[in-house]
Structure formats: C-alpha cells, structure tokens
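Next come two complexes, and both contain chain A; in the first it sits with chain B, in the second with chain C.
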Partner chain A sequence: MQTPILSIEHLTVAYRLQGEWFEAVCDISLNVDAAQTYGIVGESGSGKSTLVQAVMGYLSANGAVQQGAIYFEGEDWLRASRQRREQLWGARLSMVPQDPLSALNPALTIGEQIAEILVCHRYASRRAAQARAIEMLRRVKLPDPEGIARRYPHQLSGGQQQRALIAMALASPELRLLVLDEPTTSLDVTTEAAILDLFAELQDNHRAATLFVTHNLGVVARMCQRVAVLYAGEIMEDAPTEALYSAALHPYTRLLLRAVPRIGDSAPLQAIAGRIPSLRQRPSGCVFAPRCPAALERCHVHKPALERADDGHLVRCHRWREIAEGALRFEETAAELRRHEMRHVEDSLFDHLFSAKQSSTQTTVMRAEHVRVRYGVHSALSRLLGTKPPFRAVDDVSMRIPRGKTLGLVGESGSGKTTLARSLIGLVAMESGEAHLLDVPLRGTPRQRAKATLKAMQMIFQHPEESLNPYRTIGQTLRRPLVTLLGMSRAEADRAAADLLRAVNLPADYLSRFPSELSGGEKQRVAIARAFAAQPALILCDEPVSSLDVSVQAAILNLLAQLQAQYDVAYLFISHDLAVVGYLADYIAVIYRGQLVERGAAQSFFAPPHHPYTEALIASIPLPDPKAKARRVRLPDDQPSSVVPSGCRFHPRCPRYLGEICRTHEPPWQRDQQGRFYRCHIPPHELAALQTENGA
Partner chain B sequence: MRATTRLSAARSTPTLRLNLTRRGRLLRRLWHDAPFSVIGGIGVLLFLIVALIGPYLTPYHPTANSLPDRNQPPSLVHPFGTDNFGRDILSRIIHGGRNIFALTGTATLIAVGLGLVIGLHVGYLGGWLDQIVMRLIDALLALPALLLTLVLLGALGNSRFTVLVAIVILYVPIVTRVVRSVVLDVKTKAYIEAAEISGESRFHILFREILPAVLPTLAVEGALRFSYAIFLVASLGFLGLGVARPEPDWGLMVSEARDWYALSPHMLFFPSAAIVALVVCVNLMADGLRRLLEYSEVD
Partner chain C sequence: MIAYIFRRVLFFGLTLLLTSLMVFAAVRLLPGDVETAVLGRGAEPAARAALRQELGLDLPFFVQYANWLSGFLRGDWGKSYAIKAPIMPLVLERLGNSLRLALVAMLIAIPPAVLLGLLAGLNEGKPFDTAFSLISLVLVGIPEFVMGIILINVVALEWKLLPPSASVPPDASFGEALPRLILPSLTAAAVLLAYIGRMTRVGVIAELRRTYVRTAVLKGLPWRQVVFKHVLRNALLPTITVIAISIGWLISGLVVIENVFAYPGLGRLMVFAIQQRDLPLILGGVMISVTVFALANLVADLLYAALNPRIRLS
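Let's look at the complex of A and B:
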C-alpha cells in the first residue's frame, strides 16, 4: 500500500475570538491518494474553508491547529518550516480559489504570472517558462493562447480567468496535490460545465491528488470518487460517491439530497429546519441533532463516533443501522410535505390582511410590451468627450404574467434579467416600451407613481444581507409598508407585523430583533414578509434563493409556493438556475443578452425542441446523481464585450450554428406543437430531431 | 391602548439591556486593544468637566491684576504660577478652556449639522445638484484655512462670532464630503430601494434609513473637526485675532508669554501644554470612536 499524498489525522482547528478559542474544524481524518479526487461537501459554516486553509498552511493569524496532524507525502506539513513550505507551494501543492479575479494580479499579464511559478521554482529559464505558460494555456483550451498570455486579467471573462488559474495551478511538472476551493461557484452554469469538463479531462493526465471543496452536490457527483460530507466542522459521512448518493446513511446527507430541486420533478422539496450552529454554540451531543428529525435523547447528549458501516463507508450517527436496514424513515413523502404546507396555511393569522381584497377579475397582472432599457446614456457633454457607448441591457422584451401564476425568467449574469425587473418597478428608467400593471400604465420613478400602483407590485432582493436595514429592527422594517401603503395605525401595524412574521414561519418576538441577529434564510423570510405586507398582486423575486444554502433554499422555495397558493399572488421569479425556476414556475422564459430566446409553459419545458442556448443550459446543470451521463452540449466561453453580435445574438457561441443566415438575420419566433416559442432559424421538427438524437 | 403601551415597553426592555451589556463589552475590548484611546476619551471628559464647573471653583478672577505677584513661578498659592500682570495662570487656563469649548464646540456642532444635511441630500439626490454643490465645495477647499479666516475677520470685524462663522464655512464642505461618500455607498443597498418602492417619503429615507449608517462616521469626523477647530482658534488667538484683550485665551497667552520666556518659562509651558493635551486627547478619542465603529461592523 503506497502512502497517500495527503493524509489528515484527527485535525482540530480553532479560532481565537476575543480571548476564547472556538473549534471550526473538529477531529477530521481523511486520506487522498494519487489520481484520486476527494470531494468535501458542506454548507456555509461547515468549516470547509478552514479545512482548505489548514491543508494549504494559510490559516489566518487567529486560527491554530489544536490537535492532529497533516502529512503531505509522508512529511509532517504542520511542522514544516516557512522555507520548506515556500519550496512546495506552487511546485507540488497548488490551489484554484473561488474568485478568479481577486486571485490574479491585475498588474501582470497572464503569461507572466504563469511563468513566474516556473522561474521561481527553477523549473525553467525565463524564456522557456514563457513558452511553457503558453503551452499550459493551450492545455486548458483557451483560444489564442499567445494572445491570452499577453493580456491582463481584466481583459478576460470569468471563465477564461478561471482557466488561466487552472493553467497556473497545473504549471508545475511536479504537482502532487491540487486543492480546488469552490472553483466554479462564481461562474455561470454553462461556463461551470465547461470548466468541470476540463477538470475531468486533466485529471486523467496529471495524476495528482485532488481535494475538491464545494457546496454543490451536483458538482461532486460528477467529479469525485469519494466524498466527505462536512457539517459544523465534523465529518458526518464519508463514502465512495456511488454509495453516498444511492445509499446515504446519515440523516443530514439524506435530507440534503432531497432538498435539491431537480429538473422535471415538481414534488415539494425537503427543507431542513433550523440552521447550522455557530462556532460559539456547538451542541455537546451530535452536532446535527438540533435539526435532525430522527434525533433521540441520546443524540443530544452523546456525540456519536465516526463508525465504519461498510467497506470504506464511514458515518457519524447513532442510528445508522436502522437507516441502513430501512427501519427508520424520516424523509417526508411528497403527500406528507404537501399536507405539512397546508397546515401552515390554515394556521396563518395573516388572512385578515387580505380579507378586504377587492375581487378583481383581471386575469393578467402584468403586461409588458417591447421594453428596452439602456445604460450609460450621458449628457451631450460626456458624449462629446467620448465616454463608453450606451449599452442596451434589455432589448425588446414582451411578456404577460397571469394572476396567481409564476413566470420564471432564466438567464446568466449580464443577460439583463434583473434590469428588466428593476425597470418594471421603476428603479431604472425604461428607454421605450410599455408596461401595464393591472391595466394601469407604469411610468416614472416609484416616487412619481400612485400609491395603489406601488402597493400592487413589490420586490424581493437577491442578497438578504442588504435587503434589511441593519440599523432598524424587524418590527420597524415590517411596520413601514403597513403604515405608508395601507394607512394602518401604529397599533394595527404592530399586530399585522406579528401576523406577517408568523405567516413566514418566524416567531413574533423577532419583531424587536435587529437583522444582524438573524441568519441569511431568516432575513430572506423577513424580506418576503415585507413584500407581502402591502398585499401586492405581483412580486418580483430577484434571485431570492441564490445566496442561500441548499437546505435553506428549499424552505424558502416551499414558503413562496405556499404563500402564492394562499394569496393568489403572481411572481416574476428571476434566477440563473433552471432547476430552481422549473420547480416554482408555471411559465418559463429564457433571456440571453437582453432578448428572450424561448418562452413556454413549464410543464413541457424540458422536452425538446429547445433554443440551442436553452439546450446548453439544461445540459450544463450538474445533477446530484453520479450515474447520470454528462450531456455533451457545451458552449465556448463568452468574450467580455459590450458589442451586441449582429443577426442572432447567440451565433458566436451557438453549437448549432447554421452559417451566414445566423450572422446576418435576426431569427424569427417559431412555435412548436406544444405551443412553446423560441427564436431560432432552425424549424421545430428539425431542432427536435437534432436534440433527441443527441440526448439519447 | 394601555395594553399596547405596556406591551411595547416590555418589548423594549430586553433590547435596552442587551445594548448596555454590548456597550460595556465593546468598551472593555477597546481598553484591551487601544488603551490610549480610552484615556483620551477620559481626558476630553475631564477637560469638559473642568471647563463647565471650574470657573466657579477658581480662587482668582482670570483678569484680576495683582502687580506684587508678577511672574511668580508655580507654587501652592498659584499652582501654575502667575503672568506679567500677576494674573493666576491656572484660573486663566480654566476660563480660557471654557471659552474655547464654547466657541469651537458650537462651531463644530453647526458645521457638522449643516454638513450632514447637505451631504445627505446631495449624496442621495445626485445629478446636477450634486455636481454643482461638489464643485463649490472643491473651490472652498482650495482656499487656505487661515487665509480665509483672516479675510473674514477683516470683512466682518474682529470678533468671536466671525471666528465661529469662519469655522463653519471651513468645515461644512469637509463634513459634507464625508457624509456624501457614505450616502453614495448606502443608497445602492437593497433596503433603500425597498423603501423607495414602498413609497417612503424623502425625509424618511434620508433621516430614518440612511442617517443611522452615517452617524458612526460622522461622530469620528466631528471629533476630528473639533480638534482642528481648537488648533485654529488657538492659532488665531496667538495672532491676537478673534479675542478681546484681557479675556483669557490659550493662544493669546502663548503669544504674550513669548516675551517673558527667559524670565518665567512656566507662562509659556502651561497654556501650550493645555492646547497640546486637549488636541491629543480629542484625536485619541476620535481613534477610539473609529475602532468602536469597526467593532460594531464586524459584529
């Protein structure tokens, strides 16, 4: 048996905060062999970043290894001198970080940065290093490697930057361990898929051990041979990937797998109640016990040991045997979940807010026609001075949202999806086009709009941290719309605010709390309550779950579905995640570079024919199932450019590019048999034939 | 009605207690990290107390001449000694401290208040208003402080009121700038947009939603302005401006003591030391305020 490349033994890392030590990583052991990809999955606060920092030797000044050891190729890495570490960093052990732009030096060209590693470790002369840098850029499949080597980081797109960092990490010929810290989290899903392909391909070549840290269960399923599930700094389960996904033994793993929305599956998601314990208040028993539906008395008292359940399958749970035998079931069935939701609905005291609602007969809540939004329109003076040309973020978008329904708007970053929502609510000005809310035309800034219009449309923002004023209590925040828009008295608003909190499943004593005392999911619940306070007919949800952990995301999605069913509110649900949209939406529209490219009912949305862009989006979603075959529709990385391509906007990246016509003519809207519309030159039957053949 | 009042009172108590214990914890932490800033704060407090109640305790009148006691070195009778007219230097410093606190304190408060209101508005509203106000401010900031004050003293007459006007004119632009920069950051936050789409009034958004975020920075800036104002007033006093002669003024005392330096150095030392000590204490306090602000951001 050869020695593993990386061996972590009973590692405990703690941080010193105001004179006290708090354990962030607790008794972790794992071995990574050569050519093995080891996945570490965890939500925020699980200690995965601390683990990475400890492995790399990058722990911050107030962090320290309290116990255990890390061996790197048999060498005691924790005792290694600074000099020794510098010898190994970049040579035998390298890392690809999460945010590519902040990891690259903006003052050096890409080529110089890669060559620097080779020169620094004396692998090559300066000239040879340059040549090798270009060779590495070619290996990570960057187009025009010579050109890229001469460019500065800001001249590359996010995907290209990440490729350059991978080239840098793999540049050393002696590489033994590659640590990937959420390498694709900041990328769009189509780019992520292409980068994961690249990792998979390179793995076969470099033979180094890989530690793949991520929160995304789909990514792990695709990439890793073995996975450790981390929760509150402890390993909950550690198993070969296949075993973990098909026969998970820990309640946390099982619930987590059920919390991920999957395409074509509209069963309610399994939410996990509660939140991850903070460093200050780790439970003394099993760390997951406070949130575990199967927790017994002893779970709260005695910490379970990490036991060997099967060959190579480790689990930290008192009840794993019952789970393995199938004697213990704690996941709720779809029907149970639905009943659970309905009980909440009946309990809600929030009804009287809506009881006075006028029984409006309008079926269309929002009608938008030919909306255009342009950024960077300056005064005549700045135009003379030649500042940047105006950029049209939304170009000729039309849509309708029926009462009580959800329109899901899917697009990658920079597609204009958020700008569209902001133009409807008046936070940015429309350049042209019309929008009607309940047949009232929408014009001007919110201040210029009538109260009734403001009341009828509300918004939920992406970042829960920013959507609540940190200096105002939850009560103060929730009371305002009740007073200003509904004209309630202070006492009425007090009562209604408490009801609102109960409607979003938060206790009423949260009214006197400040946002800093709430978790991200709880803040988003308050933001939802605020949006519902005005009894709107339409709520614009701008990526409301994208910054939340999977288990929390499921709860928020369920809450939104439940509130909609009860109060007949329409949603414009904006997301980059097609699976999330597919879970909640009745209709789906796909937006690319400011234009809709496909729209249709959600039920039949995931069957071909698709616009080639949608096809790539669907194929790119990493599925939490290691047996799923990767569907090979990949897009080339987008070029950073504000120039809109002529003809079809998608033609430079389109895998089904026809030729001249795509470049010169804007494609027409086409309608398939199911009544879906897409904008492409290829007729429906041909496109369907192409895509089914490819999918099979 | 009564029930609601009781309810809200019951609700507010725990928060209050929480804030008090939190404040205590923050102060302890500050003492641990930067003890001098706490000492500075205590120093400012002592100066303030002495300025407030000192004048009632001083045994001598600050302008009472006593020719037999001229140029006395520090002694038990005159702890800081006497000057060339036999006036008790300690009494003069205490009274001068009161004058300086009254003048610079009022001027700083007015400047901070005006700067806050202007900064909130131009920062939030932006556009042409912002452009015009900011260019005006640039122009004002380009003028040397002492020169502007001298011109004003010439135009409006040599009085304490003119000094106050000068300080306000000098510091409003600086405070406006600082406030505006914070507002520019805060106004992009989603919670401000959430207030806008709920039809909140401009007053509510400026003074209820944005102001709390500005206050910590404003406190630090106010403390710094205060220390510079003390310097400015002392400099003017040294030049004999903005003070009426027999009135005690620290700057003027330093200026007068120059001629007697060789004979009685204590005349120069004590007023100079008072200026230095107060300015240093105010600056240390400002540093402490800044740290406290950082702590609360981290928490």
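Let's look at the complex of A and C:
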C-alpha cells in the first residue's frame, strides 16, 4: 500500500489561555490518500479550524501540538523547519480559505498574486509566470482571464475572487495536498454550486489529496468520498460518505442529519438540546453525553474509544451496536417534537399577556404597495464631490402578509431583502410606494411613529450579539419594551420578563445575566423573547438563524413555528436559504436585484414552473444525501456592478434566455394554474415543460 | 481617477475660500483696533477716521472681504501696518525659510521613523517594541523648548559641533545654511519621529492580523517578501496622512523652536503680526500656511489614492 499524502496520528492540539492549556483538538487520526477527498464536518467549536491550522503547519502563537504526529508524504511535518515549510507551502500543499475578499491583498493585482507563487518556487520566470497566471485563471473558468489578471480584488465579485484563490492554490505543478477551509461558506448558494462544480471537475485533473473542511452536510455529501464528523475536538464518526448518510452510528451524526431543513419536507426539525462545550469545560466522559438523548450513566464517566464498527466505519460511542441493530431509537418523532416545543410555550404564563391581544379582526397585517428604496441620493454639491451613483435597492415591491402567516422572502446577498425590511420598520426612507400595518400607513422614522405602530411590528436581526446591548442584563433588555410600549409597572414587567424567558425555553435565572454569558442560540432566543414582549402582530425576521449552527438553528426554527401557532403572529421571514424558508413559510417570494421575480403559496412552490432564477436557486441547494442527483442548472458568477441590466434584470445570467426580448422588455407577471405568479417572458406551460424534462 | 483628482482639487479650492472667509472674519474679532496700534493711544478722532478710510475699514464687511480677496488673487496682498512694506515678498521669504527647516526635519525623521515603526510592529510585545514605545512616548512628551535648549547646550555649547543660533543671512545658499538648520530640525524631528514611528507600528500590527498575510505566507513566500511586498505597502497608507498633517505643523507651528534658535520662520512672523494687530500680515501669513497645509493634504490624498487601488479605480 502506498503512503498516504497526509497522515495524522493521535493529534492533540491545545491553546494557552491565561496560563492554562486547553485542548481544542483531541486524539485525531486520519489518512488522506492521493486523489481522495476527505471531508471534515463540524459545527463551530468543533476544532476544525485548529485542525486546518495544524495541518498547514501554521498554528497561532498560543497554540501548540501536545501529542501525536502529522506526516506529509511520509515526512515528519511537525519537525519541519520554517525554511522547509516555506519550500512546501504553495508548492506541495496549499489552501483555499473561507472569506475570499479578506484573503486577497487589496493592493496587488490578481495576476501578480498568482504569479508570485510560481516565481518564488522557481517554476517560472517573472514574465512566464504572468502568462501562466492567466492560464490558471482560464482553468478556473473565469471569463476574460487577461482582464481579470490585471484587476484588483475589490473589482471582482465574491465568486470570482474565490475562483482566483482556487487558481492560486492550484498554481503549483507539484501540488500534493489541497486544504479547503469552508471554501463556499461566504458565497451565495448559486455561486457555491458553481464553485463546487469547479472543484469536482478539477479534482479529476490534479489528483492531489483534498481535505474538505466545512459545517455544511450537503456540501460534504456532494464532494467527499469519506467524512469525519468532529465534535468538541474529537472525531465522533468517520466513514465512507454513503455509509455515513445512510447508516450513521453515532447519535450526534444521526441528530445532525435530521436537523437540516430539506426542501419539500415541513416535518419539525430535530433540534439538539444544549450547546457544544467550551474549551474550558470539556466533559470527562463522552464529550457529547451532556446533549445526547441516549446517554447512559457510563457515558458521563468513561470516554468511549473510537471503535471499528464495519469495514472502514469508525465510531466513538458506547451504544453503537444497539444503534446499528436498530434496537435503540432516540430521535423524536414529528409528533413528539411538536409536543416537546409546545409544552414550553404553553406552560409559560406569557399567555395572559397575549389574551387581550388580537382584538382587531383585520386579516391582513401588512400590505405594501410599489415600495421603492434608493440609496445614495445626494445634493448637487455632494454629487460634485461625491462618491457613488444612486442605487435603487428595492424596486416596485408589493406584498401582503395575512394574520398569523409567514411570508418567506428569499434572495441572495445584495438582492435588497434586508433593505425592504428596514424600510418597513422605518430605518431607511422609502423613495415611493406605501405600506400599511393593520391599515395604518407607515411613515417616518421609528421615533416619529405612534406607539401602537411600534408595538405592532418588531424585528429580529441576524446577529444577536450586535442587537443586544452588552451592558444590559437580559432582564433589563426584556423589561424595556414591556414598560415603554405596554405601560407596565416595574413589578409587572419583572414577572412578564420571566414568563417571556420561559416561553423561549430559557431558565428564569438568565434575567440577571449579560449577553456575553450566553451562547449564540441563547442570545437569539432572548432576541425572540424581546420581539414577542411587545405583543406584535408582525415580526420581521432578518436571517434569524443564518449565523447559528445547524443543531441550534433547528431549535430556533421550531420555536418560531410554535410561538406563531400559539399567538397568531405574522412573520416576514427573510433568508438566503430556500430550504429554511420552505420549512417555515406559508407563502414564498423570491427577490432578485430589488425586484420580486416570483411569489406563491409554499406548498406548491417547489414544483415547476419556476422563474429561471428560482429554478437555479433550487437546483443549487446542496442536499445532505450523497445519492441525490446533481441538478445541473447553474448560473454564471454575478458581475460586480451597480448598474441594473435593461429589460429583464436577470437576463445576463439567465439559463433560459430567449433572446432580444429579454434584453429590451421588462417581463410581465404571469400566473400559472396553481395561482403562482412569476415575472418572465416564457409562458407557464412552456416553462413547466422545460423544467420537468430536465428532471427536476 | 481623473474625476477623483478633479474632485480633490475642487475641494482644495473650496477649503481655501472658506478658510480665507473665516480668518478674515476672525481677525476682525481680535480685541484692540488698528488705529491704536498704528497711531498710538492719544490719537485724534479725525486722524483715526482718516486712517480707517485709508485702510478701507469703514466699508461693509463683505466689500472689504471682496476687495482683499481680489487683491490677494492678483498678488497684491497689501502693505503691513507695522513694517510698512508689501506683504507678499515678506511672507514668501519666511515661507522659504520654513520650508527649508521642514524639509531637513522630514529627511531626518521619516526614514528612521518608518524603519523603527516597522521593526516594532513586527516584534509586537517583545523588548524592542516596548523600548520603542517608551522612547517615542518620551520624545512626544518633552516640550520642544526643553529639547531645543538641551541640544543647544550639549551639541553647540559643550561639544561645539554646530552653531547654536540658526539665524541665516537671507542670501545664504542651502549648503551654507544647512549646518545652522540641523539643530532646530533635530528638535522638530524628535517629535515627528515619534508620531510617524508609532503610526507605522500600529499600521503594521493591524495589517499583520489581516487574512491576506496568511495567504501570502502559505504561498511559501519568504517572510522578508511577505513584509515588504504585502504588509508594508498597506501599512504605510495611514502613515502618509500623518506625514501630510505634520507638514502643516512644520510650516507654521514651530514658533517655539524658531524662537529658541532665533530662526526667521513663518511662525515667528505670525506671532509678531498678531502682537502688532497687523491685519493684512496676519491674513497673508495664515493664508499661505493654510495653502501649504491643504496642498500637503491634497498630495497625500492623491498619493493615498495612487497606492490604494480601491480608491484609484472606483
């Protein structure tokens, strides 16, 4: 048997914090062979970044390998001198990082940043290196490689930047190991799909070993032959991809797979209670035991070994045999899940707050008509001295949200979805159009609005750490809307705040804590409690789960669903993730460059016909199932430009482009038989035929 | 880029116009009046009125301003009340002296400041960095006159290496003037070195934390190349702005140093003008130092843009 390219043996890495050492990666062993793609999946805090840094030989200054070894092509990599590492970095092992813009030097051209690798490793002269750089850019399928080579990072879109970084990583002709560190996490889903295609295609050529590190189970299913599941710095399970997805043996893996929302499936998601242990408080037994529904007493005391269950299937669990035989069932059924979450909501005394609530009888909570928002409108003087041309972020958007229902708004970054929400709540001014909340017109800034209006519409933001005041206790944060908007006395507010916490499934003693003492998911629960405190009729949820780990995300989504069922609150649920929106929404609207391109009921939303953009969005979602057929509708990378294309604004990227008419005429709204509306020149029956024959 | 330059230049003009208006107004608000300053305390009311008329002080404010501005633009900056001589040649001569001093001070200060700041930043938290931070803090903290007097006493009087006075005959060439310029320049350079050095250090530390540095290292580039090709270029961008601002300070803010070394710079002229209530001279001096300051900023902005593709190409 040949030596593996990368061999990690019992690796333990620790960080020194305030004089003490804490293990971030613990006893990890794995081998990656040539032409193999090995996936490392983990949530935040799983130690995957530490593992990447150790493999690259670039640990941060306070980190150190405590035990074990890393061999790179048989060479003891941990003992390699700095000089030796410089010889290998960029030549035999290279990395594609997570956030492409920050990983590129803003002051150097793309071409120069690729060429310098070839020059420094003496693969080419300075002049030849430029030509080779252009060749690499062509290989990663960038249009106009000569032009791109002369450009600077900020002149490229996110997808193009990532392609340039891939070109860099693959520049060396001697490449043996490619480490991909969440390479698509910061990209839009359509761009992600195209980049994954590129990886898959390049893999066939370069034959290097690939270590693919990600939190996304869908991406792994598509890309990897073998997967290791990391939790709290340890490998929980390590198996060939198909086996892992079809017959996972570890409770964590099984729960994780059921925590991912899937398109067309609205059964409650499996949430995993608790949170990943911090470096300081690693459990002495099985690290997952505190969150494991199948944990026995010995699980808390004895750490299970990584056992070989099957040919090539490794698992670290005391009870894997019972799981393998099907004798142990710990996943909750849909009905159980529903009951489980509901119990907390019903138990809370929060109910009495809402009893007087929905006295009004309007069925429409929010009605927006022809809303337009424009950024960068300047005076004549500032335009003369000024910076950017005005840019219409939201263009002629109309929508209705019925009481107690959820409208899911899906769009990629820069589509204007957040701006729309901000204009409704009054943080940015509308250029034209109007919006009514419970038949009251929305005008002015939040300060100018009536208390009843403020009370009736609340917002939950993407980053709970930024939307909670770090200097106020949770109690102070929750009491404020109760006192100012509902006019409660201090004592009443105290009691109600405790009820609110119970409703979002947090213990009452959290009232005296500060946000910094809470995990991300807990903070988001507080943000939800705060939004509900005002007894709103509508809550604008702006990407409320996208900064959270999968297991936590599931719990938050379930909570939102249950609170809605109980209190008849409407949501405008904004997300880039169609699967998440599909899980929660009653109606779905898709927004592209400021304009709605499709809207309809959620039940029938995932069947054709679709607007071609929606079609590409659906096809791009990486499914957590290695056997899923890849649906090949792909969009070219977006160009960085603030100029809105003429005619149909999707036409430059449209896979169903008809011709002249798309460039010259703005498409009309069309209505299909199920009552769905979309904005395209292609009539419903033709579009449906095109999209079904493709095997969607 | 052309639009950017155009905007900056336009902004430059606007700055000068606004400052001139503000200074013109502010000068009117100075306590005391010209008549007393020129004619003495016991002057007849008639004589005072005649002088006011002669100087145009009886006209409405904006007419006075317009008259002064049009004269200024035509090169007629008026006559000094106190010296009774045309202002422009006087101010320009002093400006020349100040520029000499500033130039020498910058030549002395900038190269070591950037080098030391870079080394301190690369060795963040190590003894060299701590020593650098401490010494630069002391340099900023010592008042200029103390530093100047120490230098005069030690270098000029004790060691007799350089002349203690910096007064130069007006027709002296740069080479002849240089030895006399070194001590006052050193005094100014001490402060400058500390400021620029600290700015460079902070810039380097901030850039080293950026992800692109990791990318560069993991390409296998030698550390020296990572530092000079990738880090330094970005780290120096804020430093450029600091240098530009310090030019303004060097031109008109060195009154104390000029006094200690008896150097005929612009700063001393302005103090003299203010003491004498010499309005046209104050205006001329302020306008020229504002112009130099704004010009330095303009150059810094353009340089910043030239080095920073994000601005150059947007």
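We adopt the following convention: the second predicted complex is superposed on the first by the 690 of 696 C-alpha atoms of A that agree within 3 Å, B and C clash if a C-alpha of one lies under 4 Å from a C-alpha of the other, contacts with A are read in each partner's own complex, and residues count from 1 in each chain.
Please note the rule applied: contacts are C-beta pairs under 8 Å (C-beta built on N, C-alpha and C of every residue); 3 or more make two chains touch, one makes a residue touch a chain.
Only a predicted model underlies this, so the values are computations on that prediction, with no experimental measurement involved.
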item	value
Side-by-side fit of chain B and chain C on chain A, or clash	fit
Touched partner set for A:Cys120, first chain B, second chain C, both or neither	second
Which of chain B and chain C A:Met56 touches, first, second, both or neither	second
Which of chain B and chain C A:Leu104 touches, first, second, both or neither	second
Degrees between the directions from chain A toward chain B and toward chain C, using C-alpha centres, nearest 10	30
Partner chain(s) touched by A:Arg447 [first = chain B, second = chain C, both, neither]	first
Partner chain(s) touched by A:Leu468 [first = chain B, second = chain C, both, neither]	first
Partner chain(s) touched by A:Leu427 [first = chain B, second = chain C, both, neither]	first
Smallest distance from any CA atom of chain C to any CA atom of chain B, in Å, after fitting	7
Overlap of chain C and chain B interfaces on chain A (superposed complexes)	none
Interfacial residue positions of chain A with respect to chain B in the complex	18, 425-427, 445-447, 449, 451, 454, 457-459, 461-463, 466-473, 477, 480-481, 484-485, 491, 494, 511-512, 516, 527, 530, 534
Residue ranges of chain B in contact with chain A within the complex	1, 4, 7-8, 11-12, 14-15, 29, 189-191, 193-200, 202, 204, 208-209, 212-213, 299
Residues of chain A touching chain C in the complex	56, 58, 85-91, 94-95, 97, 99, 102-108, 116-117, 120-121, 152, 154-155, 165, 168, 384-386
Chain A contact footprint on chain C (complex, rising order)	7, 10-11, 210-212, 214-222, 225, 229-230, 233-234, 307-310, 313-314
